[in-house]
Structures are given as C-alpha cells and as structure tokens.
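Every chain is named by a letter (A, B, C and D) in the order it is written, and numbering of its residues begins at 1.
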Amino acid sequence: MAVELLSEPGASSAPPTDNPSRRGIVNFVGRRLVHLIGLLVGVALLGFVLMELSPVDPIDAYVGGDAVRLGEEQRALIAERWGLDDPTPERLARWAGNLITGDMGTSTVFNAPVTHVIGERFVASLALLATAWLLSGVLGFVLGLVAAATRGSLLDRSIRWFAYTLASAPTFWVGLLLLTLVAVQLGWAPTSGATPVGLDPAAATLGQRLHHLFLPALTLSVVGIAPITLHTRARAVEVLGSDVVLFARAQGDSGWSLIRHRVVRNAAVPALMLQFASISELLGGSVLAEQVFNYPGLGQATVRAGIQGDVPLLLGIALFATVLVYVGNQMGDIAQRLVDPRVPVFDGGARQ
Amino acid sequence: MSARALSGPGLSIREAGWLPDRRRQAIWTVAALALVLAAVVVAGTLLADVAAKPDLMARRQPPSLAHPFGTDWLGRDLLARTLVGLRLSLMVGTLAAAVSASIALVLSGVAAALGRWMDTAVSWLVDLFLAIPHLILLILVAFALGGGISGVVVAVALTHWPTLTRLLRGEARRVMQSDYVRLSHHLGKPGWWVARHHLVRHLVPQFTVGLILLFPHAILHEAALSFLGFGLPPDSPAIGIILSDSMRELSSGAWWLALLPGFALLAVVKSVDVLGEQLRALTDPRSVHE
Amino acid sequence: MRPRLRSVLALAVLSVLVGGCATTSGDSEPETLTPVSAPPAELRLAVGGENPEGFDPTLGWGEYGNPLFQSTLLSRTPELELVGDLATDWTLSDDGLVYSVELRDDAAFSDGEPVTADDVAYTYETAAGSGGLVDLTYLDEVIAVDETTVEFRLSRPWSTFPGRMATLGIVPAHAHAADYGRNPVGSGPWVIERWDEGQQLVVVRNPDYYGDAPNFDRVVFQFTEADATLAAARAGELHVASVPLALADQQVEGMELVAAASVDNRGISLPFVPVSGEVDYNGEPIGNDVTADLAMRRAINYAVDRQALVDGVLNGFGTPAFTPADGLPWGNTDAAIEDGDLERARRILADGGWEDLDGDGVVEKDGVRAELRIAYRASDLDRQGLAVAVADQLAAIGIDATPEGMEGSASFAVAPHQPVVFGWGSHDASEIYRLYHSSLIGTEDIYNANRFSDPYVDEQLDLAMSATDLEVAAEHFRAAALGPDGHGYAVEGMAPWVWLVNLDHTYLVHECLDLGPLQIEPHGHGYPITEGLSRWQWSC
Amino acid sequence: MTLLSVEDLSISFVQYERGLRRVRLDVVTGLDLQVATGELVAVVGASGSGKSLLAHAVLGLLPSNAVEGGKILYDGAVLDHDRRGELRGREIALIPQSVTFLDPVARVGKQTAHAARLVGHPKPEQAMIEAFRRRQLPDRVARLYPHQLSGGMARRVLAAIATIGRPRLVIADEPTPGLHEEVVAETLADLRRMADEGTAVVLITHDLEAAVDVADRVAVFYAGTTAEQVDAAAFSGDGRRLRHPYSQALWRALPANDFDPLAGSQPSPDDLPTGCLFVDRCPLAIDECHAARPDPRRVGDSLVRCIRA
C-alpha cells in the first residue's frame, strides 16, 4: 500500500496548542464521526447489493448437506421462518431499520443474534490480532533499524531479502508450514483451537491460551512484517544520512546510542502510521490464520458465513471490520501527531 | 565544481556511483524471469490431462523421479497439478490485474479531467472500497458471484483497483495543476485534448508500474480465495485448492503435499515481483538514473 | 503532556513475549490417559454431530444417533429391530392410518415434571409445523387420548412411520421456549452441563433416568476438524474419535480402529428420459440422450470396478453397493452383479448400437457422442474422489466422462439432465419409495430427480407402503428391485442408478472401551455411533 | 602554540564511471591550515572549495569512500582516525550551519543534556541549564522543539550544544547565512569571545567582509587548495599587502571596493590543471605556473602558494 513518507515540513512559527481548545477537539472528533457514518452507510449498501446478487440459494446453504431428505413444504417453511422469500426492498428496509437500532439480525449458521456472535468471536480474535500486531510491529521496526544501521552489509541484504520473500509468501501457506513443522512434526505447539481440547475454555490458564496463540499469531505477523521493515529501513537510512545524525556524530555520539537517541523516534513517525494502517491487512490475514489453525475467531466465522450463505452475519462482520479499520487509521493519525511535535495535535483538519 | 557535491556523509560506494551495468543486469533479469513464467504457462497448458489423471494404485507417494512432487490422495501427479495451478493463477492474476488497472485508469482519468464533483465521488468510492479489509471484501464479492473462475477474477479485480486509482488520481491531479497544463488551458485547448495529450503520457508509466505491482497481489488473493473454498471447484488444480487438500493430509505425514506447491507459488509470485521491480526501474523515467 | 510512548510500547511487548515463551516448555495440557487405569469418570469423544442450531429435536436434532437429552417413543436394537422406550406398546388400525401408542408412566423430565401424552402430542405437532428439518408431512393430527395414550392419525398409509417414532426426541410442552436448543430439558439419559459453540459439548448423567443408567458420569464431545481430532487422539486425549476414511489407516498407540458397517452409500443417478426440450420447476433442461439408453446404463454399471473404488477412494473401508439398501431387511441381495467386467460392458455397448465411428476413443450412437459430466457436491471429499475415479474408469470403455464440482444443492438441481453423485442410506425404508416411485417425479425436491418410472416398481412400492405388517412391506420392497422381463430398479432391471459403495464408518476407540454390538449405521459419518452410548463399558 | 596544523591535506573520492572503470576525484589537494589556541582563523572561499570537507576531515566524519593524504597534527601529535573519534565532541567541536541539524522530534533541552552526558558531565541537566543561561537563553527554551526556535535562539542553542564539553578547538561551519544583522554580529562576537578565552576557533564562511572584522588570521581556499594564509589586517586599503592574486581578486570583488568580479570558475576535480590551480584565471600567469604546483612559501607575513607572489 502506498503510504507517503512524512517529509520534513518547514518550521511553523506557532508553538503547538499543548492544551488543545475544546472547539478543536469537537471539530476533530466531529469530522471523523461524520466521515465514519458516511462510510458505514456506503458499506451497508455495497454489502447488501452484493448479497442480493448472489446466486447461492439461501435455503439450501442453510440446510447444508441435509437437503437430501426435505420435501418442498419443508423448504417453504424454512424460507418463511428466515424471511428469505420476501421482496428485496422490504428486506433491505427491515434490515436497515433494525441496524439503526443496533440489531443486526440473527445469524443462520449460529442461530444467535449477529451482535452476540461477533462480540463473542471478536474477543478470541482480539488476542490473536493484538499479539500479531505487536509482534509484526516490533519485529518489523527492529529489523528495519538493524538493516539501516548495517546498510549495504550482508545482514542488511538478507533482512531485505527476507522481508521481500515474506511479502510474496501466501499467509495460509506460511501457516501450513508452521503447522506441519512446529505443531505436527515437532509437537511444540497445539494444532488447533484457542484453548486445550476438552477443557472448559473459561478455565484455560493464560499460559495455555498463549501456547495456543503462538503459531496463529506468528503466521499472522508475517502479513505485517514486510512493509514495516522496508519502510522503516528506508526512513532510517534517510535519517542516518541527514544533518541531524552528522551533528550527533560530531558531538561524539555513535553506535547504538546514536540509533537509540536520534534515529528511533524519527523512524517511528512513519512506522506508527503504517502500523495502524496495517490493521486492515491483519484483519484480512486473520481469516486465513484462523482457518489453518481452526481458531474460533471472527475470521473463521467469516469463512463459515460465506460458505453457508449466512447473509446477516457476513454483513455484520463487514460493518464491524469497517469500524475497526477506520478507528485503527485514526489512531495511527493521532499516534503520529503525538510522536511528531511538528504537527499540532488538534488542528481540526482531517489529515488524510 | 561539476562532480557530485560530496558534502553528504554516509554515501557508500554503491550508492555514490551510478552503475551503468545495472541497466544491463535489469534487462537480463527481466528476460530470464519472463522466460521462466512463459515456461510455467506452456507446461501448465500441456499437462492439463496428466494433472487430472488419477491412479488409485499410486496414492500419496513421496517425491520420486517419476513424480518429482509426489502424488496426492487420488494418485494424481502433484508437479503436473502444481504447474497447471500456477498457470491458472498467472492467468487469473493477469486478467484481474488488467481489469482492475483499467478501472483505475478510467476512474482516475475521469476524476482528474471532469471537475471537482466527479473527483470527490471517485475518491469517496476509493475510501469506501478501502474501508473494508481486503480479504473480507474478497469473500463478499466472491460470495456475490458464486465462485467459479469468473467469480474469482471479478472478485480479485474489484478489490484491487482502489489503491491504484488513488495513486493515479494523485498523479493526474499533480499533472493537471502543473504549469504547462494550466498554460494549455489558457491557450484554449479543450478538456479532452488536455487529457489526451498531457494526462495519458504521464499516467501510462504509472499505469504500467501499478499494473505490475498488482500482479503478485492478485495471484496471492486468488490462491487465498480458492484455499478458503470460495474460488474454483475442488477438483480443479488451483494452488489454493491443492494446499487446502494438503491440510487434510498433514497428520498422515504427507508433508510434500503442503510444502512443495507452496514453494512453487512463492517462487512464481517472487519472480513476478522482481520482474515488476526491474521493469519499473527500466521504464519509469525518474528512476532510470538510479 | 506527550505520553511516554516508548515505555508503554516496551511494556506491552515484554508482557506478550514473556507470556509467549514461558509456556512452550511446561506442558499444561490435561494429563494423557494411561492405557491400564480405573474406568475414567469422564469420557471424551470427537465424533462431530454438532448442530449449530442447538439440541432441539423439533428442529432436527437427534435425527440419527443418540439425542442424549431427550428420549424417544421407540428405539432400535443393534439388529435394527424396533422396541419400546417411552412407549410400552403400539398398535396400527386395519386401514393403516391410525397408530395408537401406550406410554410408560414413570418417565420424568430432568426438571422433575412427568412425561405425559400431551408432551408427545406437542412434540410431533411442533416438529411437523416448524421450519426445521423434520419431515412429517404425511401426519394429519396427534391426539392425547389420556395421560398415557397417544393416537397418530396419518393422511395416507405410511408403513415406515414407526421409524420416525424411534428418532424424534420428546420435548416438555411446558419448557420448550425459543432458546430450548441451547439448554435442552428432556427425559433422556443425559443432562447438558455446558456447550461452547464450535468447540465442545459436555453432558452429565441424568440421575433419575427411567432406563438403565449409562456406565459413565460425564461425556465431553469435542468438535474439531479431522486433523485436530487425529492429533488429539495421538496425544491420548480421546476415547472415541471418528476419523475420515483417508486417515483411517493411521496407527495410534493405545487405540484400536473400529470400522462400523453402514448403509451410508454413494451412487450416481442416471437421467432416465431422453432430451425432451422441456424444463423442470428449477428451469433445468430435462433428459439426457446418452443415459436414456438402457444399454449405456447397464454397460456403465458393469464397467465400474467398485472394489477398486473402495480400496482407492475409501482407503479400503467400505463395501461395493448395488442397491440403496444393501444389508437391510428391505434390501434385495439378488440385485448384485459381477462388476469391473470391461469386456462385458463393451459387448453390451456394441449390442446396444454404440461404436467408435470417428476413432477418437469415444463411442457414438445415432449421432450422439457418449459424453457425460458427472456432478458432485464440491464440499464432499468422498464424492469428489468417486466422481474423479469413475470418470477415469469409464474412459476404458469409450465414455468421455469428466467430474464437475458444484456448490451446495446446485449439484442436485442438475440431476434431470446430468449424472449426479448422491449419498443415501437410512433406517427408514420409505427412502426406497421416494427414490424410485414415479409420483415423486417433478416434485420440488431431489427424490427421483433422474425421473425414473416403471409401472411394476410403482405397484410394488405402493403395496409396501400400505402394508400393515413390516415383514409384508419388506417383501414388496425386495420385489421392486427385480421383476419379470427386465422390470425393477436393479442393474438387471432398468438400472436407473449406478450404486457404487457403502462407506464404513471408521472410529479410533480406546482399547479399554467396549462399545458392544454395533448397528448398521445410517447416512452421516461420526455421530451415529453414539446410538449405543448407554451400553458402552470399560473393559480394563 | 599551534593547536591544529593541517599540512598538505588531500582528499579524493573513488567513483565508477562507464563499465567498471574507476576514477579518482581529487577534491582537496594541498590544503594547509594552522590554528593556535586563543586564535580565531577564518577560512574563506567559494562554495565547493573544500571548506566543509576540511571540517569533516578534522572531525573524522568523511564518507567511507574518501581517501585522505597529507597530515593533520593536533596538539603536536598526528590526528589518526581513532584519535579523532575520541576527541570528537570533547576537545574538537562543530557548530553546524542551521537548525536543521537539530533533531526535530526531541526538545532542545534534552538534546543539550544528551550532549553533556556524552562528554561525561556528572549532572547533564544542570550543565544544560548553565550552558543556556550563559547564552542568555531563558529556561523555558529547554522545553521547545527546534522548529519553534527563532533564528537567534537556534544559533545560541547550537553553540551551547557544541561547547558543552569545553572544547579546545571549535569549528563553526557557515554560521551566518540566512540571519539578519544583529544575530550575525552576536554570533561572531560569541566566537570572538570563545577565542579570547583560549579556545582555538575556525570560522568557515564565504562572507569575507564579516570574517575580516572578527578573525585574527584568514585562510583563502581555492579549488581545494589553501591559496594564502595571512593576517586579517592585510585585507585593508587596496589589498596590496595580499600576496596571492586570487585573494586580491576576492578583496577587489567586494561591493565596498571596486566591485568587479573575477571571470571564469574553479576547475573541476576530475581534470585539474597540472600546474597552479588558479592558472587559467590568473592575470599574472606565466609558463612555469603551468609546470608544477607551487609549494607554500613565506612572503612577508603571509604563507602563499604562488611563485609570482
């Protein structure tokens, strides 16, 4: 994804508003809320249209393999029970109406309210996403710095080659690799699920949860590492060649102290933006990681919903993901302002 | 002093000097990789029947001379199936990349040339498509089209045009606001003339770059869709399907079913990536001096 | 003030990394089961059977296998004989329309309420009316005559209705709310402890169950994919694990392989009528000129090598199938043939007028090229394997067949004009009626989708369904297979189907667990084995 | 006592031209400079005459593909690479050109304290506060970021950071461009004060006029060579006391004097003339000038590389 590297803006005269004016905050949040709602309406419409286009017969998707024994009255009863035969505009109106009141309808696959399914499944996914997000962020950033510090050396070239290879490796195949080697052959990690088999999930200890989280998170972090490593390296090399580092070296600074004091925070500015922007990519990747490791999160629910034609759940997940991605991007924007003092925090303008 | 100003510290030998043979090296890599990819496509076409031929006596055989990649659960030769799968991926990748790139070209051209309202509409559409995580949108679109090859191609195409559109639109707007374009407006040239003359010439290199960079993404997403079961029918030799079949064989120790096709896909995607990079370095006017 | 970002980030990372690696060494999984031990308090099964909608019999739960929480009017012995359970006795009126059933008076629901005729009436009416998966369309009304007597009035004679009485679990009329599926109340041998959707179900023994009490206090059902199940079995965490046929030859220490015979079969429907230009209610064209020819259908039946399919696709776990009811009382053993006979198949084709005129290896007749596209449900592994293998076998006698995977019921919808891989096999003999009776042609479901009709077969099936005695009914079902001068649904009859294989249901069972005699399992691999759960015992 | 003595310094860079042919760019050839403690020497010359390169050489900050010749003595001893590393920031300090040399994302107070920590100050925060106060910078400046500093403040902060370790040699690289009058005067006065307190100061500038007012001696650089080292006082009247024709041309080019600039430009480093580098533009050029590079010789009170001086 093309993220413009932050160039060195000219010195602005006014000192930043350390205690941002109330109007600034309201304006800042207000604009974003309006933009988010606009997006959600768009996503809802786009999603609904896509679902209507689908040739998959909802009744048979619901029934799955048991279609073998059903008479036609039964099929009519199922259709009526789930309201699958009503004309499209009526269903859109009903769905949108409920949506506003927060009711996303009932999932046909899990026979439970969509909000409940998403809520419960997201908790499991959150652990996976957060770990992978942190892992890829930290690992990517450190590798980027190391590559920049040793630019031109064999280490630098191998880190870059590693990052490029990861970027073109299919996530699910990396998952398969880990599953085959680490889980099945070496048996160091469990092959599936979020908690040990047969154990009451609530009773699973943190250790067991992390043990189950280890491989899926590692697989998912592969998605995020490459871009962050490469962008951080590029920015760090730029900083290392800048006047700032020249003057620092003139002051007698060198080696890791120089990197730690002058390069890290400067390189962190674009890295943070990228790290939050990678949430969207991670969410997508989690669908694959959860499928390979049978991890009962939102990703696996998306696949089951897609395969079994569970329209309300699919639309619910799409909307939920949109909110997540949007919040992620905005947090990236705010985090970047916090790290880079040259940018006023609440200038009200939506910095796209 | 005409030599490059050497005041900037931190210039290593490679970065300081401009290596003329880098161009030759790039041309060689492009030629070699194009040859490899062409070989895959040709092999994939020729081996279509071999890939489909089951041999119930020779099921799950490890890699051997007869079957370099071993055989799968129905005794079909895995190397043949992988090559046919790779050809399929390359075809789907090309088609999807081409479709999404042309959508991007049209939309960005329209956005730049036809005034502000159109521009905001296009940029809002881009934001809309980028708001949903890539793979979830892929599943939605694939579900809407009911799978199959056309479903996969359209799904991958429909989810890849936004990034390129944003890139091209930015470029188009920069061109439209540049002095010589504003000058030609003053000289009374109509909008479409400006678009044809200035815009196209600028967008084409970006377009080719974008098209090439879309390629690996398109292939990976086609494989992912097939892996999840939204893509092609399960007996068709798509890489995603071969790998999802391999998941079932893991505990039976048939490791080659998962690893070898995956490596092949990685190799193809990487070579497309490098091909794209080198082509970009050769064609993009700015970077040709790098 | 600017938050101290660096330290926060470092802290978060530290906690994750420490947490992550601290545990890889220590193994905090439940301890593995040593082979020689006292009977375990908890039985752990991985046999699938999770119904996403929960455990409500009126929505299809317990259709095959043990409904656990609910008990049924009748139940079947391992030899599939019907015996009383909640019901002590049942009689059928002479006109075959009214079943009257006597109930036992000592059965109670787990909430203490007694099981009465009203509950039974409520259950059957709800099941018939709900949009669930229970098919009771032939049931007119159910009347609770008194506390312990129920009368079922049918709209037409249906000799196999007792089969339904053995699968539909009885729910309490007073406690059947909307979320009943998630916390079922029943009079069965088990009570639900917890259900974590997509992960596991835990049940405990129902102390005041009227029947003989099971030998285990607690059973955990784990819902995992084939690989995870096998891995768990290898880790010694399971007592019974259903394994797909492809993985059934895995050796697992401490566990034995049990291959339960089943009537779970796979066959390919052959469109019976030539192309007529009309379309069915789905808009699918009707007829296929290749399979409309009797010689072609018979030749296909003789060309297919069923034992090779069992060995190749089912990993050896199965038996060749010639009718949809091999081994069942109402199945006809004379329908079997000597298959895999390419010479005979080629002779039948030649006699039928099929030859390879243009030398392209594919036979033609009257300008029709022997081309077939065998459809199968894409998500089913065995059907994919069978379609691919059969297509390859038919090539040997000059038929150009290619497998074609389709999503969900699309693969069934094309049955009027394309061969389709179907899976049947049920303890309910009415399935034969639905597969071969001409009255089912054109109905909006997939019974007799290949539009087979044979007056002789219709007559025999009508007699079977209206018979008041199960043995007489079986007599007629068998007769329908093979009749005089080429009539009947068997290969030597009109051969409307190419029945291929009966799948064995393979399980890995802990060597100390004795499952007792196993019944011939119906369609659906995995859960049916729980039918005898209450009889299982620990033999070490 | 001469603290720093640069003798016949040469710096060249290796580059790859067509194919694999390597080419040497002799950017600095025959550079001399002597600076004594308590003395302020101005280094004057056109841009690209090697001024900044000298500073980087002394600090050991040259890029990896630079090849160095000649000698640099410090305190009488040869200043090798390791020694430069040790002295950098402690005894030898650089005052950079502009605020862009300050880390944009860190507060200037912290950057100064960090500099103090590098030179081993026991209480870096305290050292920072004292350094700011010594340069009349209010305490609140410590909390500001570089982009919030005015031109004058930036200069004082840069000077504070550079001199936090009580360096014996300070090199100020083009401290004056882009500032208005009083700030320039204040900066130069600050350097003068440092010199008077015993620090050896090298002022690199292209502003001859400002240099002459504040420096004790002036070194004129031309195309990487020291044309002439002479007392600042020699730059007065009609410049007769200046020995090297280029110094005279520089002095005459000033608007206050005849204001007639010298024609032509400096020779390019990849094809330097064999003889005197100034030969193509020198009004007094004769045949020998083309023959060999003139060595520095003392004429009157100036050290000059010109056989015609």
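We adopt the following convention: a residue touches a chain if its C-beta (ideal position, glycine included) is under 8 Å from a C-beta of that chain, and two chains touch if they have at least 3 such contacts.
Only a predicted model underlies this, so the values are computations on that prediction, with no experimental measurement involved.
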item: Reference chain C; chain at largest CA-centroid distance; value: D
item: Pair joined by the larger number of C-beta contacts - B-C, A-B; value: A-B
item: Chain closest to the assembly centre - both centres taken as Cα means; value: A
item: Distance from the mean Cα position of chain D to that of chain C, given in whole angstrom; value: 91
item: Intercentroid distance (Cα basis), chain C paired with chain B, Å; value: 44
item: For chain A paired with chain B, centre-to-centre distance based on mean C-alpha positions, whole Å; value: 22
item: Centroid distance [mean C-alpha coordinates] between chain D and chain B, Å; value: 53
item: Per-residue multi-chain contacts in chain B, two or more chains; value: 8-12, 146, 229, 247, 250-251
item: Per-residue multi-chain contacts in chain C, two or more chains; value: 227, 231, 379, 407
item: Numbers and ranges of chain D residues touching at least 2 other chains; value: 61
item: Footprint of chain C on chain B - complex, ascending; value: 52-54, 56-57, 59, 73-75, 146-147, 229, 233-236, 247-252
item: Complex interface listing, chain B residues touching chain A; value: 8-12, 14-15, 124, 127-128, 130-146, 163, 166-167, 216, 220, 223-224, 227-230, 240, 243, 246-247, 250-251, 255, 258-259, 262, 265-266, 269-270, 272-273
item: Chain B partner contacts - residues on chain C that touch it in the complex; value: 226-227, 230-231, 234, 244, 246-247, 250, 308-309, 311-313, 378-379, 381, 384-385, 387-389, 392, 403-407
item: Chain A residues within the chain C interface of the complex; value: 18, 56-57, 60-61, 63-75, 77-82, 109-112, 130-131, 134-135, 138, 183-184, 188-201, 205-208, 210-211, 213-214, 217, 264-265, 294, 296, 300, 307, 309, 335, 338-339, 341
item: Residue ranges of chain D touching chain A (in the complex, touch as defined); value: 59, 61, 85, 88-90, 93-94, 96, 98-106, 114-115, 118-119, 144-149, 161-162, 165
